[in-house]
Every structure is written in C-alpha cells, then in structure tokens.
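Naming follows writing order (A, B, C and D), and every chain is counted from residue 1.
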Amino acid sequence: MLRFALFGAGRIGQVHAASIAAHPRADLGWVCDPFAAAAGPLAEKYGATATADVDAVLADEAVTAVVIGSSTPTHVDLLTRSVLAGKAVLCEKPIDLDLARVDSCWAQIKDIEHTVMVGFNRRFDPTFKDIRDRVSAGELGRLEQLVITSRDPEPPPAAYLGGSGGLFRDMTIHDFDMARFFLGEVVEVQATGANLIADYIADAGDIDSAVVVLRGAGGALAQITNSRRCSFGYDQRIEAFGATGMLSAANQLPTSVRYYGAERTESAAPYFNFFLERYTPAYRAELDHVITSIEQGSKPSPGFADGRAALALADAANESLRTGRTVTLG
Amino acid sequence: MLRFALFGAGRIGQVHAASIAAHPRADLGWVCDPFAAAAGPLAEKYGATATADVDAVLADEAVTAVVIGSSTPTHVDLLTRSVLAGKAVLCEKPIDLDLARVDSCWAQIKDIEHTVMVGFNRRFDPTFKDIRDRVSAGELGRLEQLVITSRDPEPPPAAYLGGSGGLFRDMTIHDFDMARFFLGEVVEVQATGANLIADYIADAGDIDSAVVVLRGAGGALAQITNSRRCSFGYDQRIEAFGATGMLSAANQLPTSVRYYGAERTESAAPYFNFFLERYTPAYRAELDHVITSIEQGSKPSPGFADGRAALALADAANESLRTGRTVTLG
Amino acid sequence: MLRFALFGAGRIGQVHAASIAAHPRADLGWVCDPFAAAAGPLAEKYGATATADVDAVLADEAVTAVVIGSSTPTHVDLLTRSVLAGKAVLCEKPIDLDLARVDSCWAQIKDIEHTVMVGFNRRFDPTFKDIRDRVSAGELGRLEQLVITSRDPEPPPAAYLGGSGGLFRDMTIHDFDMARFFLGEVVEVQATGANLIADYIADAGDIDSAVVVLRGAGGALAQITNSRRCSFGYDQRIEAFGATGMLSAANQLPTSVRYYGAERTESAAPYFNFFLERYTPAYRAELDHVITSIEQGSKPSPGFADGRAALALADAANESLRTGRTVTLG
Amino acid sequence: MLRFALFGAGRIGQVHAASIAAHPRADLGWVCDPFAAAAGPLAEKYGATATADVDAVLADEAVTAVVIGSSTPTHVDLLTRSVLAGKAVLCEKPIDLDLARVDSCWAQIKDIEHTVMVGFNRRFDPTFKDIRDRVSAGELGRLEQLVITSRDPEPPPAAYLGGSGGLFRDMTIHDFDMARFFLGEVVEVQATGANLIADYIADAGDIDSAVVVLRGAGGALAQITNSRRCSFGYDQRIEAFGATGMLSAANQLPTSVRYYGAERTESAAPYFNFFLERYTPAYRAELDHVITSIEQGSKPSPGFADGRAALALADAANESLRTGRTVTLG
C-alpha cells in the first residue's frame, strides 16, 4: 500500500481523499488543513490523522506521496517542501498564479530527483483520452482544427474572484492544457472577452465570457469557448477535426432515458452539474496514473512543465485581451 | 405527358393530385367524385375537369392511368372498370375489406393484360427502402427479427370506425405489407389486442392497441406494435435485426434543432403529426414508380397479389385475436 | 460493518464479492465454493476465508447475510438452510428451475421471520429505475404498452444449455421480472420462438429467438424480444408508452465519442459487451438495497414471491410455445 | 403569374430556374447567358427563351423580376441596369468583391424606388430560421455566444480561386451574414487563418482554414470556424447560447437510418455533400420570400445594405488577418 497525505480538506481535497480510499493500492495517512473543522471529519471518514502541521506530515517516513489540494497561494510552498522531503507530489492546478513564482519554484526543485504531477484531470477523462489516442494514432490524418467548449454552470462568488487570477488562469487553464494535450506546443494566442453575465465580475476587473484562438507549432488551429454560467449544466465538449475525419466528445448524461411528448421529443435529462460528477472517473484515473508512475519509477504526465506552459498561455491570453493583438510565444 | 384521372377528392385524393401535378411527366385530366363541392376546387387547382361521371372519365382516350383514392367500398368496382377500360391503375389500400370480393375482382381482371399497383406507400419511404435494400444486399447476414412500431396520432372518429374494417384491416394492413416487404411470405400469425384509449372504439367492437407476431417462410420473426393514439405524433419506426448487425429507422424531425436548458437537454421538436407530412416523399416516389412502370411496360410493385396478401394477414390476425391461437397460413 | 458470506465463486460470485468489498458498510467474511481453486483466490483478494463447508459458514455468528451465487440447483438448499440459520439472503435468480421445488422451499421458510431478496438486478439499473419511478409518478398517464428488448451478445456453450432450463427460465426470466416491475401482475402470456442462430441450441431442444406478449392485470400490453446472439453487444432497451408520453431507455455507451468520416457519420463505439459492464451500477445498488433493508429491518424487494412469479411466467411461456395458445394465469 | 428572367445558366442559375419553375405563382421567361450552350438547354427545360442579350431581357415588359446568378464581376452592372429598367432583383452574393464598386452601385440606385434582395439563402433554412425566431422571441434570454461551423466538402479548383476574392469574401461571407442575422451590427472582428489543406491555395495567396471572432453591438460574441475541405461532407452547424438555454442546429441526414454492428453503433449515413442538397428548401423559401415581397409591395430581406455589410466584414477580417490586430468597425 502506498500511503498518501492530503493537503487541503476543501471540495477538491474531498475528491482526492475519496479516490485514494477507493484505490486498491493506496491509503490515506494524513489530512492536513489549518481548519481543524474541515480536516477532522475528512480524516475520520477515511481512517487518517488530521493535522495542521505540515512538518509533521512531511516528516512521516510512511508517507510516500502527497496531494496538494489546498488554496492556490500555498501550492508553491507545499510543492517545494514536499519535494525536498522526498515525497512524490500530485499538485492541483494552477501551480501558482504568478509565472515568476512558478519559475523560482522550479529553480529550487529542478536539480532534485522528483516526481511531480499537475492535476489536469481532464486528460484522464475516458472520452477525451479516447479521442486523443485516436488522433495520435492517425485516425483523422493531420489534425487541423480543435474546438473546445467549456462552460461552468455558475460563476464563482465575488469573494472567490479576487484571488482567482481571472478567467484565463482560473478556468481556461484547463482548456489551455487540453489544447496542448492535442496540439503540443502553442505558438500564437488571440483572445476576446466580454462581460455578459454578472456585474460583480466586471466590477472585479474580470471577464465572464471568452473566445481564445490558438495556433499550434504544427499549424493546427484551436479555439476555446468559455462562459462562467451555463443554464444546462457543465458544458464540456471537444471536436477534433482532421484531414480524413472528425471525432467529437458530446456532453454526458447520468442515464440514457429519453422523453417523448406533445411538446417535445427525444428529450434527455440535464447534464452533470459540475466537475465532481462529470469528472469522477477522470480523477480516479489521474490518481491511478500517479500511483503507477511512483510504483514503476516513471515520470507522471502532465508534469511541472505542463503546469507552467498552461499558465504562460493564460498570461498570453491576458496580454492579447489587453492589447487587441495576436501574441506570439517563444 | 402521361394523363391521369383521379377518383376521390378527399384527403388522400388531394395528396395524389399534388403528386401528379408535381411530376414532370404527368398531368391531371379529371377529378371524379360524387361530391361536386370536393371535386370542383381540386380540379380547378390543377387545371383538371371535375365530374361525378365515372364512364366519362374511363371513356376519355387521353387518360392513360387512374388513381383510386375514393372510399374503400368503391375500390373493387372502379378498379375492375378501369382495367376493363384499358387504364393503368394505382389503387389505394385496401382493395376491399372482404377477401371474397377481392378474389372475385381478381377473377374478372386476371385474364386481361393489366397494370395494377396497390398504394402501400411506405415501401417507397427513402428510409425504409434504404433498410430494405441493405437487408436484401446481405448487409446484416440473415434477417432474424423485424420490429415495426406504428402508432397513429389520434384515433379516427366513431363515424369512420364502423366502415373501417377494424384496426387490422384499416391500419395494421400497412404494417402487414411492410412485414411482407422484408420477410416475403408469412406462415404464422399471432395477435393480441386491447382497449386502452377510448370507449367508443370498444363500443364499435374494435380494439385500439395491438401486438402482432408473424413468422416468415424463411424463419424470421416479425412483430408489429400498434396504437390508435400517440401523444408525440405519428410514430413510425422499424428495426431489422440480422446475424451480423441491425439497421433502424428512427422517427423523422422537421428540423435538426435541439434545445438545452435547466429542465432538459438535447430536446427535439415534435415529430411529423401524420402521414401527409411524414410520407410526402414516399407518395411522390410511389407515383413515380407507377409512371415509370407504365412508360417501360413493366409491372409495378406492390401489385394486386400484395394487396390481397396483406388483407389475408389482417383476417388471420382477427382470427387469432378471437381464438387466442396461432393461425397458420397456407 | 455488516458481514457477508458468499456462496459461489464463479462469474456472478465475483461481481457480488466486489460489490460487498466496495460497500462502505459491508465486508466479506467467507467465500464458500466446493472448488477450492475458485474460492481461494477470491477470498484472498478481499481478505475473506475460503471454504467448502456450508455449515461452518452458517454457524459463524458474525455473518449477518449471505449472497447465493452458486449454481442454480443449489439455490433452494442454500436458501433454506441460510434462513433456518437466521441469515439474511440475497439469492441469484432463478430460485430454482422447478416451480414445485420453489413452492416446497417456501413452505419451509414461510413461517420463519426472514429477509430474502432475489437478484433481479435490472430493477436497480439507474436508467430503468428512473423510467419506472416516472411511470409510477404518473408522468405518462396510464401505461399502455411496454416494449422490452433483451439480446445477449453470444449464446451460452452447449454444456451450459442442458442445465439452463431453456431460454425462458434462464434469460427471459429477467425480462419477465422487468415486465412485472412495470405492470404488476400478469394475466396472459403468448410466446413465439424460433431457431435461427446455432444448431446446437435446437439440438438441445431449446429456442434461440423469441417474442413474448404479456397482458397486465391493469390491461397494459408488454412485449419481450429476445435473441441469444447480438452482433453489436448486449442489447438492453425499454420503452414505456403511456397515454400522454413515452419514456425510452437506450443502450449505453462507454464514452460519448462520435466519429464522422466519408463513409459514415455520428458513429459511436460498440455497446458494453455484457452484464458485468452494463449492470455494474445496478449490482452495486442492489446490494446497497439489501444492506439498507437489513439495517432498517424492512423487507427487501424483489422478494421470494417475485422470484416465484417470474418463474411461473417462464413456465406459462413454455406452455404457450408448445400449444400455440394464449395461456391465462390465475 | 410573376414572370422572371434569369441571368446566368451555371450551377446556381440552375437552382434558381428549378425554384422558379416549381413555384405556383412564378414562371421563367428568359435565360440569359453569353454561353449559348448553357442558356439553351436550361431555357428549353423550363419553356423559357434563351438569349445572350441583356437589353432584350430588360426591355420585356412581361418580366417583373430578375435573378442574377451570373459570375460575380457582372453583378453590379446587371443589378444597376435591372433596377433602372424597373425590375425587382434577387442578386446572388456577393454584390461585388470591391466595396467601392458596391458603394458606387448603391449611389446609382438609391434614389430610385427599387426591390433588391441579396441571396443569403441560409437565412431561409428552416432549421436556422427556427433558431433565429426562437432567439428573437426571447426563448434563451439574452443571446451571449453564437458558434457557426461552416466547412465545404472540397476546396474549389485553382482556376476558381483567383477570382474568388479569397476565403472571407467567397465562403465566409455567408457566415458573416448569418452572424449579422443573429447579432445585428458587428463592431469588432478578429481573424486567424491557416494553410493546412492544399498548396495551390497558399500559392494563390489564400488561406484554407480560419477562425473569426466577432463582437455584436449588443455585446454578444460570435465565432466562425471555416475549412475549405471536410471529409464527411458539408458541415453546417450553429449554436446559439443564451442566458437561459441553448439552441443548436445539427447537420442534416438524408434518411433516419442507423447501423449497429460489431465495429460501431448508431452510425448514420454521410451528410449532404453540398449546398444544392443541403439548402434546397432554403432556396425555395428564399424565392418565395422575394415573390411575396413583390406581390405585397414590401421590402425583401436581406437587402442591398446586408450584402454590403457582409462584404465589409470580410474586408475587416482580411485586415485583421494581415495585421494580427482586432479591427473595430464604424
């Protein structure tokens, strides 16, 4: 059994705790959170020890790996200390909101043998992964266009927005990673944004709707459509268009029931409302990947560099938004 | 141009008149109906002559073909006289409600060179025809099961029911023909019926819901599901299940629009409400087939024997319904 | 924790073992099977004790409940002994192939306080359950027609067929239960069968394809379409047709990926191949139901009487098949 | 009957000739084309007179309306002369490739009472029109995002490309009009293009793939995805995303047949290959609209100003493509 410690007992921490508990070759030793009221019950649920003491966790030699699911500002510090303590790390995205801090983090760990994975869970979604695998296998010929639709059900509360880093670094970052998953490196970014949903988002200096167009090193174009609010649930779709065919990922339904009546036909249930339901299998597969990597001594993917690259795309999108110009990347 | 006369200016007569007018190689010479108020406007609309005089129509040498769309009791007489007058005939189903009358009609025309087609329009529906062609071409291997769903939007009025011949001869007769289209001859019939919809149907001695199971000479099983009322429109579907695959015909939609909202997703518009909308292309193709057959001197299909066979299946279904036994056919 | 013992370490036993292990309030104490080579590894996998000794299992007071997943001929004996030993029972279908043995089993347990559930897992499938709940809530008005399509991917081997009890008692029994789930009691059965797939099935005196028509006590008609072989996987569908609408359960797909190319469009992956994949959530929910029933002291459903009733329908279908007549049930 | 003259006997001219012939209140008097080998057969097919003499056509007082389906460079001259001759005009898009010529055309006709419609046929597609009507009726709340996918099956030949005006003025112009149909005026354009398909397109100085992002005066964002080649046929889709729901227009299929087999399930036929099949109902409805407008003395829509506006968007897209900057419109 591979023992994990979890940093952060919030919503995403609970997802990871459940995944660890359900994995046949892993168990949860610690839940570490400054808020005892959060750490306690979660630890108890899975037979772990609750603590607010990071050092105690990292000093426990029985702990092989940590999951960092705490608030974004704490990621760099916890990631660095965990690597220095010899732990394997699965760190939630983003590594940080500030590229300079990400780079200084890297400077501290790059010469140490480490296992660091960044939690871009969507790469492990069975539907998206199947499309990526088939594109990689050449089923569509050359990939020419990638269309990513990504809309959240509800905008975050005002209190969250301030520290979120803005739409591109908070929400689109998943889509930037998905674009990179298909296109490899991105060489051009063009972003358009709008405020259409809620005044408090504009008041916070952020946008709530966006279209981002990317050009991959291989020439393919990708586009990302974002909205902070979607009346029909969590809208998560992809189309990969190639020379000889297209593969699409439709939204997923909790059942296959359809209704037919006088007003409408073939009507399905609402989509999964948010990531906890939609991406449960992806979170499980992500955890399984890091566990298998640790067991086999291989590097998990996506890694630190992928986390940095997605953040760099978010920064480029912000620059394009500000200047109205296409931004070219190194 | 091939000149047609039309017997019957009712709902189905209007369908045929429009098809004739729209065909590039046909025109409509006469509309013959005892009700002048029906014949007149229809004739005027397409530049034809209205009349109640059958003899005048059949004496017109410019008329090559007739369409019989009048009430069922008139079919045999009009068909016989038209054949004797040397006209090609497209006769609406059923030829008659009484198998003995059908046979005596046949006795009168069988030794005359004739062109008689029976109006089982669904054989010409592009979707059903595509499945039939692919089954015939062996795409599914041996055909094993055929599932026909056929539900009308609304039951006919009480006044119509009395002369309808009952569900099997009035409505299911189309499905019996469709079963024969796929299976060839049918050797066994088993029918179950129920009264679930409206008391006046039961009062008329008829059923409103049915399941009929057929066995084809080649061994395949077919089943027909009927209802006289369907809340979501005209329900017309087929599944052909074979050794190596299945082909299905879904209901058809007027547009490809889908709606997504908080209550439901992927919701389509109601289906076509009835046969005039659903089978417009089938009626057009049916007419084109009889015209082409006349032009080429070939026999149109389905012919008189097909009209008789479907009626014989309806009678067998009624017998099975009455006795609770499987009925074996010659 | 509620401790289970499992009788039978075969395919279905493994499903139940996994469900028990995954349930937060259950664990597996024993795996009991005369074949040590099967019991041993399965027990080891879940930290249970392997044995061939039924008495030892039933004597263990720590065991609250048993799952009977052994071969059909052993069910009645194990069920009776387990009830006499005071254990709650989840027994796989069928209780037995012989209605008389089922009744004598009942005679032995009926006066003892017992908790017996029969494993008609499909009642717990989220899709079917959602339709049943909505039908029960009146969303469709009166239920008029129920269409069940149930086809297995591959026929069982000849060796299995001999002891299977025939198509209706082995395979259709699930569909009979599903019909009862929607219709309540069934008053009429009409069955048609055919041999279309494999000679060895006919040689064994069994059919491989069937259509069964049922009439419910409330007047609704149900039809069941069966085949022992389906080229596109496990075909498990339901349509509930009522006065004001229809609800359908389509087959389920492992991903939402669709392919579009020059030869075809909107093409999905193959369906789940068999019950282990298709009904995993149903098996989990079924176990949860029996556990909750035990905890709350309520009667689980479907119970012994449901197991008997489905078998009685299978017998009636066999009689209809033999006589070509509709069979009326008490 | 309203008599039409047709300029241009090529592919699109044939579409219009057929629509005129099929319309119950219109007929075709002239087919005018410098190539007698094209004009002659088309005129003969519909009982019209073939000519190369524009003046003769415009001098015919029996002609009420003209359809301009000739090559783009002739549009302005024919449109101007037709208006001066008092004819109503349905002019194919684009009015011209040069905005200055369009404006000088307008200067010549603006003070004359005229009826001019521009052939943006897609506004009359029943599916797109239904979505537009429902959006206008407020079914989605405020419209926030419009996603237009528009891919042709095959790139045009090199010979055509030279005079096409480039992707944006030749192909995307339809999508610009569709964006205006939903958004009203457009205030910002941002374009990205690529050469991914065929060298001869790049050699001609044109792109073959593009993404264009637009901002409407009301704040909504629209995006257009274009490709000159699509392996699965003519890809024509729209999604209108609003505050309370989404409406989508899927591609359309010639039949509702689906195939299920060991390799794939739910597989549909290829889409319509190109605009003649896909948009037949739209061309018919477009013609009906101009006829009804003439009969009622109302202004048809889209009109001259719409033709100009779509061209102005194409020019803005070209400027954005060249500069890498967002282009703001008046």
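Things worth noting here:
Simple rule for what comes next: a contact is a pair of C-beta atoms (placed from the backbone, for glycine too) under 8 Å apart; a residue touches a chain by one contact, two chains touch by 3 or more.
Every value quoted in this text rests on a predicted model; they were computed, and no experiment measured them.
Residues touching across the chain C-chain D interface largely coincide between the two copies, over half of the numbers being common to both.
The most distant chain from chain C is D, comparing centres defined as mean Cα coordinates. A count of C-beta contacts for the chain pairs B-C and B-D puts B-C on top. If each chain is reduced to the centroid of its CA atoms, chain C and chain D end up 58 Å from each other.
Chain B and chain D, compared by their mean Cα positions, are separated by 40 Å. Contact with two or more other chains is made by residues 231-232, 244-246, 251, 259-262, 269 of chain D. Against chain A, in their complex, chain D makes its touches with residues 142, 144-145, 147, 149, 151, 188, 190, 192, 194-197, 209-211, 213, 215, 219-221, 223, 225, 227, 229-232, 241-246, 324-326. Those residues of chain D whose C-beta lies close enough to touch chain C in the complex are 231-233, 251, 253, 259-271. Across the complex, chain C meets chain A through its residues 22, 126-127, 130-131, 139, 244-252, 254-262, 269.
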